[in-house]
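Presented below is the structure to which this report refers.
As written, the chain order gives the labels A, B, C and D, with residue 1 at the start of each chain.
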Amino acid sequence: MSRVAPTVSRMPSVLSTARRLALSHEGVLLIILMVSLLVLATQTDRFLTTDNLLNQCRLMAEVGLVALPMTYIIITGGIDLSVGSILGLCAIVLGVAWKNYGLPLEFAIVLCLVTGAAAGAVNGYFITRVGVPPLIMTLATLALYRGFAEGVSQSRSVRGYPEWFYQFGQGELFGIPTQLWFLIAALLISAFVLSRTVFGRALYAIGHNETGARFSGLAVDRYKMLIYTFSGFMAGLASFVFVSRVSTTRSDMGTGLELDVIAAVVLGGTSIFGGTGTIIGTALGVVLIQLLKNGLALTGVKGDATIMVIGVVLICSILITNFARSRQATEKPGD
Amino acid sequence: MNTAASTAVSPAQQRGVLKRILRLFASQEAVLLLALVALFVIVGSINSRFIAERNLYSIFLGNAYIAVAAIGMSMVIISGNIDISVGSLIGVLATISGSMAVAGYPLVLCWLVPVLAGVLISSFTGYIVAYLKIPSIVVSLGMLSILKGGLIAVTSGEWITDLPEGYALAQLKPLGVPLPIIFMIVLTILAALWMRFSNTGRAIYAVGGNAEAARLSGISKQRTIMKVFAIHGGFIGIAAVLFATQLSVIQSTVPPNLELTIITASVVGGVSILGGTGTVVGSTLAAILLAAIGSSLIFVSVSPYWLRSVQGVLILLTVLADLYRRKRQRKQGSG
Amino acid sequence: MFKQLGISVAIAGLLMGVAQTSHAARWDGADDLPVSPLACGDEEGGAMAAAMPYDGGMAMNPPDKAGEEITLVDVPKLIGIGYFAATTEGMRQAAEELGNVKVKTDGPTEANIDDQITFLDNFITQGVDGLLFAANDPVAIAPVLRTALKKGVHVVGYDANSEPDAREWFVNQAEFNGIAKSMVDSIVAEIGEDGKFAIVTSTFTTPNQARWIAEMQAYQEKCFPNAEWLETVEAQEDNILSFNQANTLINKYGEDLQGLLGMTSVATPASAEAVTQAGLCGEVAVVGLATPNAMKPYVASDCVKSVVLWNPVDLGYAAVHVMRAVVDGKFAPGATEVSAGRLGTLSVVNGSEVLLGAPYVFNKDNINDFDF
Amino acid sequence: MTDGRALLELSNIVKRFPGVLALDRVSFDVRAGEVHALLGENGAGKSTLIKIISGVYQPDEGHINFSGNTVRFNTPAAAQNNGIATIYQELLLYPELSVAENIFMGHAPKTRFGTIDWRAMRSLAREQLASLDIYDLDVNQQVGSLSVGNRQRVEIAKALSQDARVLIMDEPTAALTGADVERLFRIVRLLRERGVGVIYISHRLEEIFELADRVTVLRDGACVGTSQVIDTTEDDLINRMVGRTIEDLYPKQLSRIGEPVLEIESLSRPPLTRNVSLTLRRGEILGLAGLVGSGRSELAQTLFGITPAQSGCIKVNGVECLIDSPAAAIKLGIAYVPEDRSTQGLIKPMSIRENISMAVLKEISNGNLINHLAERELAQKNINQFRIRTSGMEQKVEKLSGGNQQKVVLGKWMASAPDVLIMDEPTRGIDVGAKAEIHRTMSELACRGMAVLMISSELPEIMGMSDTIAVMREGRLVASFTRGDATQEQIAAAMMSGSRSESDEGLVDSNSTKGAAA
């Protein structure tokens, strides 16, 4: 790359690669992200500072963690609306197991993750074995899991965790918020798994054509089971980080999380019909939403207007990509 | 030809009638009706006040606007789309209606303008979905943010009080029956007839069931989707007016989770999330059933902490019953 | 289908059984913190708790802006509801009166702890002189407030407290036990000492409401042991849901229900509406926390006799005055009172709380004097 | 019958797609009361031509003359309103709706008030079906619950419900067999007698000779010629289609048949696999004949683990084993080239490379990690070996022609190096040139010792390619023949004879039951 390109013939290919990149949804997002970064940075000098950016990473960790498995699920053409409720349920299990049942906190954390995975597995079971459409199944468990959280906790919050527990949500490791390490690790692993492994390939195949994937010997049901379980597990992980960050446990935690997560994933270019999408796109989506919220607030835009801006960006980014794709399609036919 | 055919099939026709009756009983509407009757009988036997006229009225009255909104939502879902911005839209339209009333506009206008505004706003959503080809879930997710942010930006949450005399449309009781209940029943019947007996009504099923086939039958997908969203907007407008005029105060906010309640009513009512099937009668019955479940749980003194869990379980069971019924039908069909 | 139905009935029955046995001794919706009910009847105050030492936090090296113009940001539980619109109005009035304060209100659109924290975080980064808040959760909000203090930002709470050390002062509209006493006294006055009543609240997880309910229970058991609490229902902050829930209670208990207590400014007018529409004015008493404007029609029609509330406009007004005094160095730890413009002098209670006064009980005679 | 004047005439039609000249000055006409067959390999321009006639596309040049007037159909609806009806290859029905409604979607009869008249619709639907000699369909039934053959008949009724004067049929028999085809032909002849001009597209040449009056061949977007069917021969047509002579459509090489690879005994999975016993040997091509719905595909899918057997025993290489998932079947060396390429065989929006490696991805990976180099090598090897015509391995499969798509499916399964290859309708919808290639490949594989189980609805294919022929009916194996022993008549008899069960809707024919009732 760094060598001076001596070739005339290579130039167009480099150019066309660049163009293809710019026309891809990730490219469009990156451009929007850059532009908003620039604009926001010129509006306020408080925005583009390490402190602020790191802090934003702390705030977006939960949405980020849950957005990763959501990307998988939407790639297979499914959806999981119950993540917010699973988060609430896991947080309650963590708190109640520790406080009311006197379990060691470490064990309670494990129990919280297991609960998340189990809640996701129940979704997966009904979706794969009983054949309930994902949207309907998770719409039902959205109510159900929140109900469990309320019932188990009797709507009382749990507080007063030991100091070490706050390290995960409020502490830093090598100068970087602890949960950002979780997020980065989960992001890298998810991106790697999706793009490089048989599992990842299978998810795309399922999203494009589930029957075809089944007839190719892919264990479709097992994979789907896995991703819904993974989704629950990550919601559990997010709940643990969240509880640690806000130092309390309440049964209404994570209310509305599902829409934030889905917005980030969809903004990241994952098609709601399945088959396409990348973790990078999702990461960009999460970051873009967080930075817009933050940057606009810093420049004095009020919260209600910020919500509107995000809505517009969501629609427009998809619109731009669609437009770019259709232009591309008409320019390069039959290729 | 005609006579030959009709005489030839007369025994078959008799079988057809029987079949049709059987088919009627095997429909989701019947399942819902059965569940509703079972609920009334069981809970009524525990606490007879549950089936007292007054409570029945309460259940119907307080949820009529949900049923009306679910009619529009069902049409949207049958056409293969979804609208998650309804909650925000109802908030916006109710505020428009109330503000106009306080500002002294003629009452008729206060009732009609929100309906027209609903048609307009929803048509805009429909336009983006139909002509710019962005998935409805994405567009409505964006619209959700835009409407909600916009509403708060404009009203900053000031309640609308001092509504003029006579504004409370929903509190009228022509012939002793509360108007919202009349609206709910009449609109359901009208919508059901329209869905069955009009070209556009059938086109909705066609587009949702097999868009390509519809196109080749000369049915324009774009125009149908536009129409569906426009009509949906009208129903949302009516729902918003009922919502606004039910109490003497209008909360100029977005009712929490309203979109999920409405979508749940449609889905539990047997409208397939994949498009192509379902009826508005089912969704209205489901809206009533969900409301009745909520009310009945208070009547049988379920601990309020577990109330949502029980609701979740009941929703799941209705969905499973529907699934089971469809499976059995399919088996009969192929056998 | 019958199998399905059987299973569903079985599960529902099971859940209901489980649910019914778990009826605790505590009122639904009450929290489990210690309670301190006030004395019964009209005996004035009694012995106030012994003066507590200051237990609030301190802003670290705040810039000295005594007398200079300051910028404040107010982050309520949520924006877009009448109650906080009123506190915002009070803040605006105070700022106008003081002349050297700029205050802006911004916050989440739903009472969501996470969003509220994000807003506070952004404002700390943006750099303001003072933060005003009404916490969605006292514990969850604490870390971010401590960060603010650490960065030299003054922090004053109102309406809903945080952990004391996470802010400097908290403007308390009325003490929990005070509200509880007013509520219970008011309802008992209407339904008698052996009356039966039910409660409509927002959600069981809302701290203020849970606190009030717990205090109300303690006070009722102490002073009116024969009154009977029937049940508490949740109704979110949703007008029509509150209306429906109130209706359900009316229908369920029939003539057994003599009173409804609304725990939020949404639930109370909706309950009054339900009673009105059911034609039960005079038979079912409605008492609750509410803003006067929303209650005027019901009070005018005699359906509601008394509405308990502090004046939220005053609450916001006082919060800004307290903040100004803190910045000016006129109100430091250890002080026992603070002057708050038109409200006169407010006293300090519980170490670091500024008490707005006793809760106000509105009735037909005075309700039209208020507009918020 | 034919009056000689053209009912519909297209002259010098040119249609360009970006970068491609899809139709190059094509002229074509159909007369009232004739069946005009349209032939050509996939990609030759047949689909484009019929889409122009039916108003889906508009021509860039040239004009269309319909019953004496120059017309231009801007929408499919416009063409339909002018009496041009089309039955597309993929059946375009609404599975959730009733038969009557499917027939009248978009032009339902109205009452005086402008609302849909359901009673009239149902009786008109019955009439419509009756006019096609169809009496055994309930117009209230959901289309989703009908058999493929019956759906096809609904599709025809639908196409004709608007007084069609020209009927375009795009490979109507692709999904049909035996009795259903015969019934379809009867309908076509009926229409011809009524003066309808039928444009008939099929890859099955024998059908052309049985049914058509004239035939037009397209190649590479150009018209190669139109002739009377009686003036031409099968070889001649193939010649014109592919532009070269195809020596042999069924290049069966005799292979050495070895020891049994797959033995199944009393395999059952009701309702369509009942007590089936079968032995497949190394090097053998076993042709499995039967009507659609006779349980052939179901048997194959049971062997492949998609619908695992409920009882019975499967031995692979002499060892009894359990096949409960496609993965288990693949591990045992069984491969299945399914009947429905689009939904079962391929993931069309994905690349050739990804499709070819789909079934063996685990094997060529390091653990779970995809070895991209190995994957690319595999793809290239298959593209070369099966002569897949493509611009590269990254090309999306959906952009390939049917024949090349089928080669990708073959390549995908060859990559798993199976001992047993099950091919379900391996040449359905594939043009003659590619067909011969696939047959040759099949034969070569058998020679190399692979055992092939071939399911086909085309008797010539069964006869031409199989070493052993087995016939299924109603889920049971009812007859078997060795190569050369059987005649087409014998096989057909075995397919259809015996009890005409009510459960097989394909067999209930009009004059036997409803005729009596009338």
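In the analysis below, a contact is a pair of C-beta atoms (placed from the backbone, for glycine too) under 8 Å apart; a residue touches a chain by one contact, two chains touch by 3 or more.
Fair warning: this is a prediction, and the values are worked out from it, not measured in the lab.
Interface comparison, A-D against B-C: more C-beta pairs in contact at B-C.
Among the remaining chains, the Cα-based centre furthest from that of chain C is the centre of D.
The geometric centre of chain B is 42 Å away from that of chain D, both derived from CA atoms.
Chain C and chain D have CA centres that are 72 Å apart. In this assembly, the C-alpha centroid of chain B lies 36 Å from the C-alpha centroid of chain C. Among all residues of chain C, those that touch two or more other chains are 29, 79-80, 109-110, 204.
Residue positions of chain A touching 2 or more other chains: 150, 154-155, 302-304, 307. Residues of chain B found to touch two or more other chains are 148-149, 151-152, 272, 303, 305-307, 309-310, 313, 320. Pairs of chains meeting the touch criterion are A-B, A-C, A-D, B-C, B-D. Those residues of chain D lying in contact with chain A across their complex are 17-20, 304, 306, 325-327, 329-330, 336, 338, 343-350, 354, 358-359, 361-362, 365, 368-370, 391, 399, 412.
In the complex of the two chains, the chain A residues touching chain D come out as 196-199, 201-202, 204-205, 208-209, 211-219, 275, 330-335. For chain C in complex with chain B, the residues that touch the partner chain are 1, 4-5, 7-9, 11-12, 15-16, 18-20, 22-23, 28-29, 79-82, 84-85, 88, 109-110, 204, 231-234, 236-241, 243-245, 247-249, 251-252, 254, 266, 269-270, 273, 277-278, 291, 293-294, 296-297. Chain B meets chain D in the complex at residues 1-2, 4-9, 11-12, 16, 19-20, 23, 193, 196-199, 201-203, 205-206, 209-210, 212-219, 272, 276-277, 329-330, 332-335. Listing the residues of chain A that touch chain C in their complex gives 44, 46, 49, 51-52, 55, 59, 62, 150, 154-157, 159, 166, 170, 242, 245-248, 250-253, 255-256, 293-294, 297-298, 300, 302-304, 307.
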